[in-house]
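Note that chain A is present in both complexes that follow, paired respectively with chain B and with chain C.
Up next, the complex of A and B:
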């Protein structure tokens, strides 16, 4: 466990080394959120609410969903796994006294924490001050949101690691990364909440694990469902995360058999 | 000049032949990248299905804008992005010094020897969206419309290539440039939406200091007969001139950086 935390902290510290890059990422974050907010302002076109969802709620969805629940950068895990395989570094990785997927998870959590604290928070503060930011619907909703946040990051990272591990067979992580981006763009509800989806499509997407990355946490944050339902969905999300973890463990055990190291 | 052009064409052919050795991988890359973009565009389709328009733009108009943006970008990026995005490594690793002693312009060598055929998915998706949207838009086809469509696409490609060249040139004087590409793509994503939905200051920025508004918004607005903020009746001329002007700016900046290049490593 201490090794896991050490890896998380090391990854966080590594991200802090590039100061100018961090400044650019903050500016980039502001630009991205500005685009999301402008889209919702434009489609609401002066209406206070559409389908029971207020413009203020959508601004908060854009702000929180586009920063701490964003899925875009997470696709980098796939690229990292691909690079490890292509360069042959996977051989050295297997010699370490720790599971490769766990190491990946720790490093990604460190990078994610950095994104939340150093990039997400300034963006939320600046854009929230300009456009307004709704607090969680109630204190219990806020507490449940923290649980959803953990489920969101677990599902996102495990999905990334799982897709990345397929590089052992297809050897083309770049393509896998693009597939993941396309999949998450729609199915996580990162820009468009599932309550705006066409009925049949929305009902299917609602129960897929990807919807726990952005949509379900934000639905709870905004109080779109009562506490009992929120708790049920949280359990559902934990179930998906557990299933993904088991799948990653199974795929990793198979992937290890694919590795042939010649020389050193 | 003729020898140089035939050499550049030969370098391009070599690159294409190398990539075609792995045809299945190439096709998968095309499909994957088109899928990634399609996912992002589906989000906008979902919004327009529910809300009917985005700042007055209907789905066929948005499809035209997205298709134009994707196709124009792909035409410019296939010559520049992958090659020049690694400029930082080329400079710091000393590879750029080796290019300087070759009897060919280093920019031309990098660009043509690294010609990237992986943009097939972008091109099919972009052209497909344009071809789907055109019958829904009721455009009156005249030689001027065709010229604007073709000229606007070339201009968009030139803007892409110029911007990427300018960003990469920073590596020659600063040693680092990679982080600027992240910022470029943030603004680039902004430019796939109608600029008219943004705050006036941001609209002005997309039409001046970060001229990515000319990649799709300005030419498509002119084609659709929609008003273009700040440019008015000059919009058509500006859409066609933006590309060549950005090339002049990129050439000047590349030369400026080359004159100050002192070697980055080795």
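Up next, the complex of A and C:
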């Protein structure tokens, strides 16, 4: 456990080494949120609510969902696994007395913490000050949201690790990375909330694990569900996370046999 | 004593894609790829006792790194068994990793963006090294490998020589029973190579750490490893001491005699006369431990000898001769 936390912190520190890159990412984050907010303003076109969702709620959805619950940077995990395999660095990684998926998880959590604190926070503060930001619907909703946040991270990271592990079979991780990007942009509800999806499609997406990454946490944050339903969905999310963890463990045990170390 | 490492008829076969030429071939590759098996390691057996220092030697592509990767648990053998400290290194990779140290010359184990000291700290936690042991080893290794001047610097700013010293130090932080080194001196300058070799010799002698080292720099082996395992094309060629190597591959000492003037016919005990005429003569000496004094004493009285040179063949020469003899004429 101490090694896990040390890895999380090391990964966090590693991110802080690139100051210029960080500045650019903050600016990029601001521009992206600005674009999302502008789109929703245009969609609402002066109406106070569409389909029972107020413009204020939608702006908060875009702001919080696009920063704290964003799935975008997490696809880096796939690229990282791919690079490790393509360059043969997997050899050095496997020399360490630790599970590779756990090491990946620790490093990604560190990178994620960095994103929240150094990039997400300034973006939320700046954009919130300009456009306004709704607080959680109630205190219990806010507390549940923290639980949802943990589930969101778990599902996002496990999905990334799972797709990343397929690099052991498909050597080109780039294709996997784009596959994951496309998949998550739509199915997590980070671009468009699932309540705006066409009925049949929306219902299916609703129950897929990806919707716990952005959509369900935001629905709870905004008080779209009562507390009982929120709790039920939280349990569902934890179930998905557990299932994904088992799948990762299984795929990893298979991948171990598949290891080919590139380049001598 | 029980062997600390053993390989029993180990083979590793990779499948290599065979590329078809031309556009049509590229299309065929995509639809139905053809692959052929390549034997990187082909039926190798050996046993290594605790405290030994063994050089694992062979030309590029001989299957050295593949063997090290099987012993460190990264790859599984295709057939045969490897045992390290009584374990199957791949199936019990994590347990194995805790008790071995490894340095891959061309790959880094250090955290690239972090100061060296933090890599050591991460290593301590990952290998669960007790604090007092870690503090003692850290102090010793920093001192022996002269790391103190750059311990606070990010690894990516280190020179290759500094980095390699740091890699070796880190691999020893957790008191491993076995140290695997894959090309540890590759790319280092003469001074850095010397530091690394002296250090490894010392670790082997003082701590009793078993060392397995692959290299194609023979001086590494001459200085560090009393025992040599030679492979080529995945097969075992030789396993024994360097002295045995001379005998096995028939390497003889060469004696050069320089006379003041042409002595005419010279007979030298059982030595085989080589090319040379006039005042300079060369002989190949038989392997019978006869001393130089005895040999020269046997020269006819009155020989006006100016100079005597004895040439011991280095292992480099022995091996070069061997590999060259395989090349089809």
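Keep in mind that, in the parts below, the second predicted complex is superposed on the first by the 259 of 264 C-alpha atoms of A that agree within 3 Å, B and C clash if a C-alpha of one lies under 4 Å from a C-alpha of the other, contacts with A are read in each partner's own complex, and residues count from 1 in each chain.
The rule is simple: contacts are C-beta pairs under 8 Å (C-beta built on N, C-alpha and C of every residue); 3 or more make two chains touch, one makes a residue touch a chain.
On a predicted model such as this, the values are computed, not experimentally measured, just so you know.
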item: First, second, both or neither for A:25, with chain B first and chain C second; value: first
item: Greater residue coverage of chain A in the superposed arrangement, chain B or chain C; value: B
item: Chain B versus chain C as contact partner of A:3, first or second or both or neither; value: second
item: Which superposed partner A:161 touches (first chain B, second chain C, both, neither); value: neither
item: Which of chain B and chain C A:38 touches, first, second, both or neither; value: first
item: Partner chain(s) touched by A:191 [first = chain B, second = chain C, both, neither]; value: first
item: Overlapping contact positions on chain A, where the chain C interface meets the chain B interface; value: none
item: Residues on chain B engaged by chain A in the complex (per definition of touch); value: 25, 28-29, 31-33, 35-40, 42-43, 46-47, 49-51, 53-55, 176, 178-180, 182-183, 185-187, 189-190, 193, 197-199, 202
item: Of chain A, residues touching chain C in the complex; value: 2-3, 6-7, 10, 13-14, 17, 88-92, 94-99, 256-257, 259-261, 263-264
item: In the complex, chain A residues that touch chain B; value: 18, 20-21, 24-25, 27-28, 31-32, 34-35, 38-39, 41-45, 50, 170-172, 174-179, 181-186, 190-192, 196-198
item: In the complex, chain C residues that touch chain A; value: 14, 65, 69, 72-76, 90, 93-95, 97-98, 102, 104, 106-109, 111, 113-114, 118, 121-122, 125-128, 154
